[in-house]
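Before anything else, here is the set of structures, which you'll find just below.
Heads up, the next two complexes both have subunit A, just with different partners, subunit B and then subunit C.
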Partner chain A sequence: MLSYILRRLGLAMVITVLAVTLLFLIIHMIPGDPVSTMLGPRASPELRAALEERMGLNRPLFVQIGLFFFNMLNGDLGTDVFSNRQVTDIVLGQLPYTLTLILSSITWSATLGITLGCYSAANRNSLADRLTGILSVSMIAVPAFVVSLYSLLIFAVNLKWFPAIGAGEPGNFSDQLWHLVLPSLAIGLSWVGYIARLVRASMLEIMGEGHVRTARSFGLPERWITYSYALRLAILPTVTVIGVGMGFLLSAAVFTEIVFSRPGLGKLVIDSITTRNYPVVMGAVLFSTLIFVASTTLADIVNAVLDPRVRSSK
Partner chain B sequence: MKKTNIEWTKVPVSRRGFLQGASALGLVSATGLGFAGSAFAGGSILKTRAYADMRSLDPAFSQGVSDEEIQAPIYNKLIQYKPGSKWGWQLDAAESIEQVDDTHINFVLKDNIGYTNGFGAMTAEDVKYSFERIIDDKLESTNKPDWSALDHVEVTGERSGTIVLKNAFLPLWSITLPYIGGNIVSKKAFESVGGKIDTTPVATSGPYMHKSWEPKQKTTLVRNPDWKGDPAAFDEIQIYPIDDEKASEIAYEASEIDFTRVSLDSLQRLKSSPPENSTVAEFPSLFYVWVGMNLNNPKLGNLKLRQAIQYAIDVPSIMQASYFDGASPSTGIIAPGLSGHRAQSLTGAAANIDKAKQLFDESGESNVSLTIDVLNKSTNVTTAQIIQANLAAIGITLDVRLHEAATFWNLGGNEDLELILNRYSMTPDPFYATSWFISEQAGVWNWERFASEEFDKLHTDAQGEKDPAKRDMMYRRAQDLMEESGAYKFITHEATSNIYRNSITPALRPDGLPLYRYFNKA
Partner chain C sequence: MPDLLQSEVLPETSDNVLDIRDLSINYGTPRGELQALRHVSMSIGKKKIVGIVGESGCGKSTLISAIIRLMASNATVQSGEILFKDQDLLGLKEKQMRALRGIDISMVFQDPMQTHNPVLTIGRQMVDIQYRDKLSKANKKKRAAGMLALVGIPDPEARLNQYPYEFSGGMRQRIAIAMALMAKPDLLIADEPTTALDATLEVQIIKRLEELQDEIGCSILFISHHLGVIAELCDEVVVMYAGEVIEQGSVRDVFHNPAHPYTAALLKCDPGHIKEKTRNLPTIPGEVPDLVDLPSGCIYQQRCTKGFARCQSERPAFRQINGSHGVACHLTETDLSKETSQQNEEGITS
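Entry: the complex of A and B
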């Protein structure tokens, strides 16, 4: 198991370096001069040259990439050109908001999705199963930004049950939770349907296998078979999907953070790209990549824990 | 010279200090956001929207309105913009201020203004430091051009001094002293932290103080207990950065903010059925939108062709489709209410297709196919599509090329540009408008490569012209020259629309931008 984990961590590091390098190149290939964007129209040539020097933009691209990684290893992601704040501080200040949003969304949607999937599988072809099926597909079909807008209009503007903007007062847990409800609903809703369909399909496949039939022939209770035998195996593809799905959740978080005017990594990336604030973009991209790589690696490790066949495979 | 007689208490501006001192206030605001019903500013909290997050609290490095909206209530200037429908200024930190000749402005400070955090009374040394640091090459201030005419500030007494200019510069009164560059910081405070600050204030002096900044979420200002002028109306001002106008409208309708700008396409709906206890107000804007033609591009070298394009574009259609009849056609780059505004343009707002066709025929051109570069905003896309249809009516094919913001704003250096749909921001002085179209700016911000010696001379001479009638005439002539070149078709100055709760009395510049320090409860 340990060697499997080490192999996965090694692979994660390689993926991170490749992904960050690729993103660095893409960001620097986008047309648009960051110095003009940052300094505004009336900057003098001397000022422009000084900023180019400070940002390292006058150096070849491969030197810039090398410097980025060198500084990163020393814990220095540079400074925001506008505010002179450390990029690490800026990103770490926004990261908790995005992590909270993503984790809360996946937690409630996975809990509900798995429950609905199990229920549908256990009651196959019943009215409840069919209704769950229709609801699940409907949820999958609705994009997060549509849910965001409608939930805002219904629950914030008309009913005034939930706040429309912000992430709540720092240090006030209940207020922050209150602000999390609608954004989390927007991101998680499609995942409920997706996970429910996935669990149902996996469950039905497992329920038809020999070891389940054997368990039944031993007279074990159906509930026991469903949740202790079938679900344990049926959950494996769901864990993988959730791990890979972190990337999709990050994308959905961008829209949601904009619609709800929430702070977060997604909004930070968008704002920084539009102003060509390279140090902040790279800092945010690095952390986003780390979240994605960490979640997929974790999913692989969880899979290996649940299924010994995975860790024995090369 | 009279000494200041005010003892300034040490008011902590650190987050911890305020959290201790205003915990009750914080609790109120915290629950206020959680429960929309109590989110009105009916109490003593003004909640408002900024179009962008704060970037800096240092006047030397602040950019744009969103920074100034935060700095104006916490710093003082010698003069401030006067709220109302006409552009003007009123005294702030200055007890008196007078331009004694072309290059000398004498001022005397009030004796009751001081800095928080124990940094003492405001003195003429602070004024000298604040203005001169911006022109200091070593500081690399992005706002240096605002003070380009400044030579130095002479301190003549503890609270008196003279601003000495290199040359006559009238815009100082309308775009420098009452705006970002006019904010007076504490010399002692700034020097104690190495000469510049970022987003953490070290000492402020206005009716409000900076309490906290939660990046991408909120900036909170609170009353300055040591403020001796007209008392601040609100215990707190919370400024939420909401870049999307639609999102801010939703936030308003959800009762979470009390004042916001609204988009023109929502204006009719909000005017016909405004949210409860709300007022919708419209203001003329200073921005200017135009279609430019690159004079250096051989495809547009023919004056008759450019004139045909000028006459083919139908601005009233654009007003209807892109601006939902919420804005009016413009006559130039200088908006109504400012010196130099023209009552009429030379080519008129409505299309004159017959004349356009005639000019096109006279040009001798055929099979003309052009491209217009446009920023990817829905208003611009609609405008470009109308222009496309207008030009098709006289036989010109127009392709529309969309760009995201950072790409678009770097197009100026592209020699191959053909047509451009452009929009520049503006300050309340015509000097600011003409400065982008002088020959020196060709390929920088003068994307049309318009070059006229007469225009350049008018721009230089008008900035020091004291006779208002003559100055007005000079700027009108400058715009005539632009239009006569065939490189410009002026579209609109747009409009600003605000919505606010009836529980507040906003104080606004003539262009509808807020002056929060003067906001009041109704």
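Entry: the complex of A and C
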């Protein structure tokens, strides 16, 4: 088990380094350079040179990347071009909002999705199964930003049940929770359907396997077989999908944060891209990458905890 | 009158653990009703080992799935009863049936690689099946380890903490047998338990099963493709063909004096030596009839070398020919039929 975790963490590091390098290159390929964006087209060459010097843009790209890694290890992601604040501070200030949003979304949608999936599998072809089937597919089909916009219009603007913008007063837990409902609904909704379908399919497959027949032949109660024998196996692909799905959740969070004017990494990335605020973009995307790598790694580790065969595989 | 009725009911309490009477089962398929079992009757005496032989597709698994009542969802019972200790299993409520499973009737399945849950330890699975007992978990583990030792698994305490993938196929089948016998059932049903194993392992496991059966005193319904294993292990044998029982009786009677041409043909190709492993039953020329669209007359007539006119028009009834030895074949019905058959054969050759 330990050796599996160590191997998996090593892999995570390699992936992070590759991803960061790639990101660095991509950001530098975005059309328009930060110097002209910030100083305007009529800036004097001296001024431009000074800013380039300050941002390190005059050095070769690989030196910039190397420096970035070196500083990153010291927790230094550079400074905001405009406000001179530490990028690390800025990003860490926004991170909790996004983390709360995606974690709450995946928690409620996975719980509901798994329950529905199990129920559908156990009552296959019943009316309830068909109904959840139709609902699931329609939930998958609707993109998060559409749900964002409509739920904002209906529940916040028209019905005024929920607040429309912001993340709630800092320190006021119930107010923050209240502000979380609609964005979390918007991001999680398509996942309910997706996870329900996935769990149903793998549950049906597992329930037809020999070991379930064995459990039945020993008179184990059907609920026991479903929830503690079969689900433990059926959940494995879902865990992997959720781990990888963090990437989609993050991009859904970008839209949702903008629609609801919620602080968070998504809003930060968009704001800083439009102003070519390289260090902040880099910092925000770096943290998103870290979240993604961490969640896939975690999914693999959970898989290994649940499945001894994965644990022992070389 | 009531007294009279009672006395008529009483003799029914037989020495048999299991009595299957006139069991017919269909599967609903897109092509129509597939008549997988037709009028099957057989019984298993106390402490007896009964073998079932027959080609794949002849309904062996269907029969045992009906006994343990874990039938496919498209299966329907058309007729018959399955009496286990004088109650009809087919009439029990699911809850009552579940109470019997693993306690009074237990099963060993064909593929040991699929028998156990891959993500739970063997110990956990062996403890779980004792869920009805009020024993402490430690005691249940001890009992499980004791059973593993009985079926010949060394160092059982340590192995309880291992997962199925850490055991070989032979070991897993031993574990399956240990689990099935743990509650000392009255009836153990084994569906081709050694088909997936090699010959040496097969002999070892069969020997162990024989010893355990003797010790526990249970009855066994043993399904096998391997005539040698049946000859070695069983007291009685039931020969099935295309959903019907065509011959049954003591192993000695059936193996030495096969009365049905199908049994005779099987034995001719595989005289039944346990040491020689034949993976499948010998192949007999011809095809098995379509169970959705059954021919009239004898079910075996298309492949029979001794058939005569009556075989095509009339289904032979199952009848006793000598004590418990019974067969469903027109050849054994009357001396007259023998003559007819000879005439018929002559007719064909001329």
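Criterion: the second predicted complex is superposed on the first by the 309 of 314 C-alpha atoms of A that agree within 3 Å, B and C clash if a C-alpha of one lies under 4 Å from a C-alpha of the other, contacts with A are read in each partner's own complex, and residues count from 1 in each chain.
Convention: a contact is a pair of C-beta atoms (placed from the backbone, for glycine too) under 8 Å apart; a residue touches a chain by one contact, two chains touch by 3 or more.
None of these values were measured; they are calculated from a predicted model.
Among subunit B and subunit C, the chain that touches a larger number of residues in subunit A is B.
When the two complexes are overlaid on their common chain A, residue A:214 makes contact with subunit C while staying clear of subunit B.
In the superposed model, A:282 makes contact with neither subunit B nor subunit C.
Of the two partner chains placed by superposition, only subunit B is touched by A:163; subunit C is not. Of the two partner chains, subunit B is the only one touched by A:263; subunit C is not.
Overlap of the subunit B and subunit C contact sets on subunit A: empty, with no shared residue. In the complex of the two chains, the subunit C residues touching subunit A come out as 68, 70, 98-103, 106-107, 109, 111, 114-120, 128-129, 131-132, 163, 165, 176, 179. Subunit B meets subunit A in the complex at residues 26, 29-31, 33-37, 39, 53, 55-56, 61, 63, 137, 140, 142, 144-145, 198-199, 214-218, 240-244, 247-248, 250-251, 253-257, 404-407, 409-410, 436, 444-445. Those residues of subunit A lying in contact with subunit C across their complex are 209-211, 213-221, 224, 229, 232-233, 306-309, 312.
Of all residues in subunit A, those touching subunit B in their complex are 30-34, 36-37, 39-44, 46-47, 50-51, 82-85, 90, 93-94, 152-153, 156-157, 160-170, 172, 174-175, 178-179, 258-264, 267-268, 271, 273-276.
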